[in-house]
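Going in written order, the chains are labelled A, B, C and D, and every chain counts its residues from 1.
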């Protein structure tokens, strides 16, 4: 089964530059994660942008949507910053015949206890097993964009249960 | 969604005892993996046995089958040694109304570059997204027991494509 | 042998807050490093401040000097940001009867490939084996403050060989 | 300062072979440790043998002694299994004009929480700062061969304080 992993930046790809005493979005970490996992999966990694998701504009989201819509792949993972992942997921709704799974991480992939490896494992699996639609694979669960929220205090995604959902 | 993770030993749970200069199956590593991933999943980890899968007897496999059959959970992950994972998977075929996903790892979970975290991410996702049946989640793919083989040289699971399958 | 580890912040203690999409100086990492190394050393860790060393003022350096001078310990390690470690080392010169070893790291201790564990190993050893004086233990070497420089491009400390030293 | 690191095997270099469900002494891990630490140290790594130290014979120790005696380096680190490190250290006593520091680890270097990186940091520092003699750098301390013991229960080296020392 062929899947493509589009990377857009976010915490998962943040690396540290001692030189500038700061964190910046670096190269996609998904490659290294999938190599170390020694996957037999037929996959491609393509970087669309390298941004903190708080800085995403409407144009950025439209660019991602166009990329996904015009992609020759039917099974797609998108790595994305966690802060506005849900907003981008909503923009991707309604694309037909494609399984789109968004993921990211709360800690940079280069951290020893990062959730990145686990989350990418979840996302590539969901992309292979779920039918067409847009999903968020975070914290061990699959969320629908209209029923997910980021709980900032607990530093995790949760089911959105109140009436405001949708 | 509630899932149970039955652990049976294997490389994934191997720890090192300098004292005896040897590796032994230790406590289930799945707990630590799921805690570090900060999952919101409703899960339980239960140890059935702690054995190298090369040492599994027919009785061991029957015990695992009885455990799974009588389980109140419908979504089940089983961590297992890689050498005879496929054999155990075949013994579990035919259990109705349960999604059973087997996984393990080529390197102990305590290794810095272990595939254990990735594989457990894949397995808990598959257990939530797939319908009833027995599956193997290894190396980023979902295999059916009758069409999987362990490629010992390449140290990975692959699709079994020849006629001998089944 | 008793040693004290004074922590002052810097990259070594930087942790990541996804919530704020930023890195901040957190609690001292030296404790965890020494625990995992299972040291039999008789040591104490004490936090003096939690700052990026680029933000250090003359007052901060005077505070560190007073702390060291008045310490009851003769063997002292100081963890410090790398950008102004040499400046602080120079301020500490001339304290009699104390072995003072400064260290830090180019990557936060929580990174999987951080140099923090190695550098702390070097520093606690130098603090036990060297005579009174001020030293910098970085990149596997022991530097004298007047003959050290941080090579920003190569992201490492080096011997300062030109005439401007001192 | 130039140092040589002779490797002889032991837990520090143990890697895991899923294929054989066992641990074996593999290639020297010191290279990777020193590369990741980005050392500016002028060093060479040379493998003398690849054995579990419990399997060392008198001939093996004589070979190590000859290697060290005839070495053109004056500052020498030897990585060695922990079980008989002290015995080998005693065989190396009396070599003049060389600083010889033995180290190893309780957990293989490839483990995420291994003590290998810390111990190698300690050993290369001790090799640069101490005068001629034979030392053991383990668990954050420098031991003299006649006054060290491995505490098997606590899984660490300690000072040998009773009269039997020597």
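By definition in this document, a contact is a pair of C-beta atoms (placed from the backbone, for glycine too) under 8 Å apart; a residue touches a chain by one contact, two chains touch by 3 or more.
This one's a predicted model, so the numbers in the text were calculated from it and none came from an experiment.
Shared contact partners of chain A and chain C, listed by label: none present. More than half of the residue-numbered contact pairs at C-D reappear in one of the options A-B, B-D or A-C, namely A-B. Centre-to-centre separation between chain A and chain B, using Cα means, comes to 26 Å. Inter-chain centre distance (chain B to chain D, centres taken as mean C-alpha positions): 37 Å. Chain centres here are Cα averages; for chain A and chain D they lie 44 Å apart. The multi-chain contact residues of chain C, meaning those touching 2 or more other chains, are 106, 112-113, 155. Taken together, the touching pairs link the chains into one ring where each has two partners. In summary, the structure contains touching chain pairs A-B, A-C, B-D, C-D.
Chain contact summary for the complex, chain C toward chain D: residues 1, 33-34, 36-41, 43, 106, 112-113, 115, 117-126, 128-130, 137, 139-142, 155-159. Put simply, chain C touches chain A in their complex at residues 11, 14, 16, 18-19, 21-23, 52, 54, 81-83, 106-108, 110-113, 152-153, 155.
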